[in-house]
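Labels for the chains are A, B, C and D, by order of writing; each one numbers its residues from 1.
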Amino acid sequence: MNPIILILGLPLLGFIINGVLGNKLPKIVVGAIGTAAVLGAFVIAILNWSIISQPENNTINLDLFTFLQIDQLSLKVAFQLDRLSIWMTLIITGIGTLIHLYSISYMKEDEGFYKFFAYLNFFIFNMLLLVLGSNFLMMFFGWEGVGLCSYLLIGFWYKNEDYGKAARKAFIMNRIGDLGLLLGMFLIISQFGSLDYSVVFTQIAAGNTSNSMLTAISLLLFVGATGKSAQIPLFTWLPDAMAGPTPVSALIHAATMVTAGIYLTVRCQVLFALSPLTNEIILWVGLGTAVMAALVGLKQNDIKKVLAYSTVSQLGFMFVALGTGAYTTALFHVTTHAFFKALLFLGAGSVIHGMHHEQDIRHMGGLKSKMPLTHLTFLIGTLAISGFPLLSGFFSKDEILTAVFMHNKVAYALLVGSALLTTIYMFRLYFLTFHGQYRNHHYAFEKVHESPINMTLPLMVLAVLSIVGGALNLPAYLTHSEGFLFNWLKPLFMIPQSIHEIDHSTEYVLIGIAVLIFVTGFLIARNIFVTKATIPAETSTGLGGLLQNKFYVDEFYHKVFVRPLEITSSILHDLFDGLILRAFTFGIFPLLKLIGRLNKKVQNGNLEMYLLYMVIAIVLLLGVNLIFA
Amino acid sequence: MLNVFHNLEISHYIYLSTVLFSIGLFGVLFRRNAIVLLMCIELMLNSVNLLLAAFTEYMGDANANGQMFVFFIMVVAAAEAAVGLAILVMVYRNTRKTDVSFLDQLKD
Amino acid sequence: MIGIALVFLGGVITLFWGLNKSESKSLWILRFFMLLSALLSGAEGQGWVDFSELFKWVPAHMLNFNAFKLSMVSILSFFGFYILSLLPSTYKKGADVLGLFAFALTGAMMMVGSQHLVMLFLGLEVLSIPLFVLAGSEKENIYGNEAAMKYFLMGAFSTAIFLLGAAFTYGGSGTLILSEIQMKLSFAAHFGEFPVLLKAGVILMSVGLLFKVSAVPFHFWSPDVYEGSPNRVATFMAVIVKVAGFVAFAQLINTFSPMQIWINQWIVPVSILTILVGNIAALVQQTVKRTLAYSSISHAGYLLLFLILPMEENLPILGTYLLSYGLGTIILFYLMDKYSADGEKSFEMFKNIKNNKIDMAALVIGTLSIAGVPSTIGFVAKYQLFSAAFSQNHYSVYLALLGSAISIAYYFKPFRYALAETNEVDAEQNSINGLFSQICLITGMLLIITLGLLPMITERIF
Amino acid sequence: MELILIPILASLIWAFLPIKSRWIASGLSLIGLVVLLTKYNQGSFPDGLVVFDQPWLGESVRFTMVIDQITWFMLLLTQLLLPIIVLSVKDQNQKLIAWAFLMQAGLNGVFMAQDGLIFYLFWELAMIPIYFITLQFSEKDNFVTTIRFFIYTFVGSLAMLASLIYLALLSGGSFAYADLLNTQLSHAQSLIIGGGLLLAFAVKIPIFPFHLWQADTYTNAPAQGSMLLSGIMLKMGLYGLIRWYMPLAAESIDFYQPIVMTLAVIGIIYGGIIAIRQDDMKRITAYSSLSHVGLIAAGFFTLNASGFNGGLLQMLVHGLNVVGMFLIIDIIQKNANTRNLSELGGIASKFKFFTVLFFIIVIGTAAAPLTSGFPGEFMLLNSVFKYNSIHGLLSGLTIILCAVYMLRIFQKAALGSNEIAISEISFVDYLPLIIVAFTVLFIGLFPQVILEIFPLSVEKLMLEISNAKGVLS
């Protein structure tokens, strides 16, 4: 029995069972099925680790059937489990399991309970499709599938129009990216006559492809990545996506789906490694995203919005890493980020749950005492993301910074700034939520309660992971060898990625800077929000206002794209279609009628006139045909 | 006296009958009274008769097709005149008019 | 020939026997004779029987019927029968008038069979004069009077023109026998130039016939006269006169075929003009009857295209077209007559047709056929005519197609009221038609459809 | 031949016998499908199997019926959609079914005819019923729009007739497909003839500037009329494009290709953009199908295998999806007495199952992967991209626009807070929807199954076209 079938099949099965007869089953069973399906996939992936880790034939392949056969080009439904995909699989299913577990009680009251779990399982299935596919088509299937699921889950509470809008926004912005991906695939087809990774990558590695072509393809693929991974310019959907239930935000919009773009790039490493121009673009786009999102994160008051922007910013970090060619590092950060960001979201969820769906941090505070577990884990998450030494985030972020430092000093400076901002807004969030005194007048402090065990358990697990996650790829200066992840991925990369040689002194300086950043950020935040105990104002002005309103990007898009499109639509329909074209097409009838009316003048019933006309006609006939002809 | 007619050429006949025909034609065009119209039409027919007769003579048609035709035309013309006058009477009975310019009830 | 005899006989009988009687009986006599003539001449046309022995005494250079003409005679008498069967009486007493239909039909047959200008002229007149009378046969109806007057005056006028043309032809060729004229012409063709007299003759004679078939610009009489005269007479004019007229016209033009190219020069414009004017004018008509009148004008336009073809091998086309035209027109006139009984003249009359399935079907099929939509004989006829004409002249056919596209706009007007369920129906106005007319109607529909789907039959007929 | 006789018979039965059960009706319509399936082996002949051949009119016209793989596929499309449509006919206008059967006969004829004039004959025969359906069973007096639609398409047909006559004249008076195919045309002739054929098909498809009749007719026609029109009739035009225009007037392709491609791409975007703002669901569907069908036409005109296969596949898929959309619209309208998005909403809270089907069809139309819309659109976009990357990019916008308006429909009709009064959805209403939804998923998963139907004939056809093009150049 091919493990891939099980890995893919179990979530699908869970989706089908829950989707078809979930409304008949009791909730606990539904939850159990959903969780078990994902857990099963996780276990199977673990079991196959040993096979994959063998140096030779380290991939498991599965060819199901031919999807399309266009004369030479044959598109197969085929999967492969190799070092990269199993890594992703473990992240997805692992965190997925925890979040399923968490959701059982988080969604307890919701009448759409079974629907929720069905969607979650379906999402897991699509995500696995994305990472397990052995050709671009399969990846595209997963790619759009996860988009679909995120649409369904963002708009989960369908009665609310705004949620529906957010869901549509997410799907459509993803579609824009998908178009890029699709066109990239077309280019690949026209260039290599196949979509299979193996074929395409070997041909690229062979190096007989024009550079411009590679750049074009990689750029198009990157457009797809920006859509899915919420980079400039297609990032605005992610903050709105927080409309969905919090576990969804944790799973889809923090841990897994949004990292698909990074997965794509790592998967096509050979392609990107050979197109430097693209790398530069990626670098700067990622950098811009990182800084911009971090800035906006400073001024958000919705607990989930802050985390959302932090996610966007962290994704920016990853793309910066990709831009510098440090693919392992990017994936490493994906992993650690999955840990602590999921942790943070779930913690936030726990807070929201404990405070009965209050999300505004200005109405929180002092929750430390009421929900100790949540508080502790959340603190760990915060430390991890803001790079507290020896926590997972510290290592991954440090590697990124190092890579950028080697690559481009300006970029490095900006990124450091962004890291600083990260620390600040994270601790702002932390302090405002858990410290100070309680500020909510609608919901009594007494009623605030800690979440049940099956919500806190995932928190604890993730907390542990966030602490030790760094071990996955320890830097050379500790182990005097390349990190585990680096070696793990090495056989995958057809073009060995640059190991930035760097003398230890510089390295220690960089580490020092990193630590310094953390401390500064922490102190600033503490100074403002603990010592001064500032409460963010309802509306801030000047720069603050700019940040609070997210640089007015949404408004800008609405003015520049949405509105004109709507106007064009009306104009085309009412004016062009309704008047101009109509006049040109159907105007003939009034014209004919007009001529017909002229005939009334002739056919006026007067005998002499008739006779006269006839005589004239006769004369004409005779004249023209006898004299002139 | 007679030889005057003998050295007439065919062309004269053609001219004559054409003139007659045109007189009839213009009569039809410019007179209003139905009876006059009828007479004008008769004139046209007779001009044709003259022409046919002349042609027959001119071509020396052995079995005188043309002149035979003339007789047919006369008969038909008579029948037509009869019908026409009948219609005229009918119209007159209803409208008290013989003026065709009043016949303009039927039109688009 | 047998047809002429029979119909004439029927006419005479009804004339005397039906004096001051109500129509019904004498109508049956007439129908009987017409049907008989249709069957017999049809059979003769197919060569199953042969009556030529009876009529040896008729000089063949005057009046002669070949197979095609026999079929046309049969069709003519069938149409006569069909009209008299479908369109009921409009006046109570005085069945003698019916005789006139028979005589007119006789004239039509003479035109068809004529081999001689005199015969052609006689046929023309024998066809016309009874119609002058019939047009005014409702003596008190002022419109009828006007129609009669107009028709008579213009008819007589056109006769005169025709005669002048005949005279010129005689002068130019020295004979009145069509075949001899043709011979003379083909001699002349060798010397190149044709005598002006002949050219003038053919034009003038054509004018006479163009008037009869109501081609633009000699069509002015037809809408007015149709409207004024009783429906039955109008139908008779629309169908019989056109059928006979076109067969004769085709023959006349064929006589002058050596100068075909020159003839086409002025036939084509006239035809195009007729098509366009007929269709466009029909668009704006308010009353059904006038619309039908203009539709018949436009069909005359299509038929004129036939005259630019070499006649002999294309005769089946002419026959098919005339057959389809007649069937469609008669059915539509029948419906118009039936549903305008309550004085409603506009298209709204058809809103009561929903009560009567068969009339409904007749409306649909008749319209489709007359509009030339496939699966009806109308399409076969139009297709044959156009594709034949296309080989001679592209543009006229394109215009003709355009015309038939326009024609849809008025042909389908009835359905606005006939189909749409939004219109209310006054229930007491549900009209049951007699069994006989029922049968006739169904026969007509079946003919249209069968010939439309199996057009090879028409090839057998002609 | 029975594929033509059976429907005619059924139509007569329905027109004159007082039966009122849609089950019997769909049963009757299923006969056609059964007969067709028994003919599968006949359909498997790449270069066609003559199923009927009799002289029809003189030497010029023969009543020739041929089934090859493409034909069989088109017949499948027809026979598959008709039962679905018939099953959804409201009880009060059962007579509509008679017309539907007549139309089925006409369509089958169109797809099988191998003689120019017979093709035209059935082409018109298939058009008459839709006209009467639109006029007879619509809510309000829509004579003007209907007559416009009829004349508009009729003009196109007449242009085609003229071209066929011209072609036959050049081929020595024979309308037989083979003779027309072997006729060599001068450039001018090919432009005239090709233009005529192209006009007829472009109006029917419709390609961009000729689409005016579409929206009006869809909105005025009863839902079944719209289904017949958009589900099957439009495919007549597309079929004519590849089977009649391209091989017969191939000399003109080089001239018309860029024009049509551009127009089609314009139509794709044009339809999409207009659809995102409309309020009337039928109008949205009309314009969306303008853009979808435009894509198919563009795919055909790229003249490459991907385009042809994808186009043929997409014909079936689009037929099913659009019929599904109209089914949904019909159900909603039947219950809520409106189809304006502004007045709808909140179906999901009451009818979960209906909503699921609705959603499946929506994403199917929006060409999400694993639904039927995707493979065809993928191939088509691929072919257009191969033809010209700019065209490819522009026509690629359709996947965005389509997502916009389809999700808008779903959002406004199914989701949202306000509750429209949907009384009851019977099983008879569900059944056709279920069938459609199933096909959406099935084809989405196994498109190759469909593509296996017609590979050889497509190759042959493309060979014919390229040969015919080669004649001149």
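Methods note: a residue touches a chain if its C-beta (ideal position, glycine included) is under 8 Å from a C-beta of that chain, and two chains touch if they have at least 3 such contacts.
If you're wondering where the values come from, they're calculated on a predicted model, not measured in any experiment.
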item	value
Which of A-B and C-D has more C-beta pairs touching across its chains	C-D
By mean Cα position, the chain sitting nearest the middle	D
Separation of chain A from chain B, taking each centre as the mean of its C-alpha atoms, in whole Å	99
Averaged-CA centre spacing for the pair chain D and chain C, given as whole angstrom	42
Between chain B and chain D, centroid-to-centroid distance (C-alpha), Å	67
Between chain D and chain A, distance of the C-alpha-averaged centres to the nearest whole Å	38
Two or more partner chains touched - positions in chain D	none
Junction residues of chain C - those touching two or more other chains	149-150, 153, 157, 223-224, 281, 284, 406, 409
Overlap residues in chain A, where contacts from two or more other chains coincide	589, 599-600, 603, 605, 607, 611
Interchain contacts, given as pairs of chains that touch	A-B, A-C, A-D, B-C, C-D
In the complex, chain C residues that touch chain B	117-118, 121-122, 125, 129, 132-133, 136, 139-140, 142-143, 145-150, 152-153, 156-157, 159-160, 163-164, 166-168, 170-171, 174-177, 223-225, 227-228, 281, 284-285, 290
Complex contacts: residues of chain D adjacent to chain A	148, 152, 209, 212, 215, 270, 273-274, 276-278, 305-306, 309-310, 346, 348-349, 363, 368-370, 375, 378-379, 381-382, 385-386, 389, 392-393, 396-397, 399-400, 403-404, 407-408, 411, 414-417, 446-448, 451
Contacting residues of chain C [partner chain A, same complex]	149-150, 153-154, 157-158, 161, 196, 199-200, 203-204, 207, 211, 217-218, 220-221, 223-224, 262, 265-266, 277, 280-284, 406, 409
Chain B residues touching chain A - in the complex, by the definition given at the top	25, 28-30, 32, 100-101, 103-108
Interface residues, chain A side, partner chain C - complex	589, 592-593, 595-597, 599-600, 602-603, 605, 607, 610-611, 613-614, 617-618, 621-622, 624-626, 629
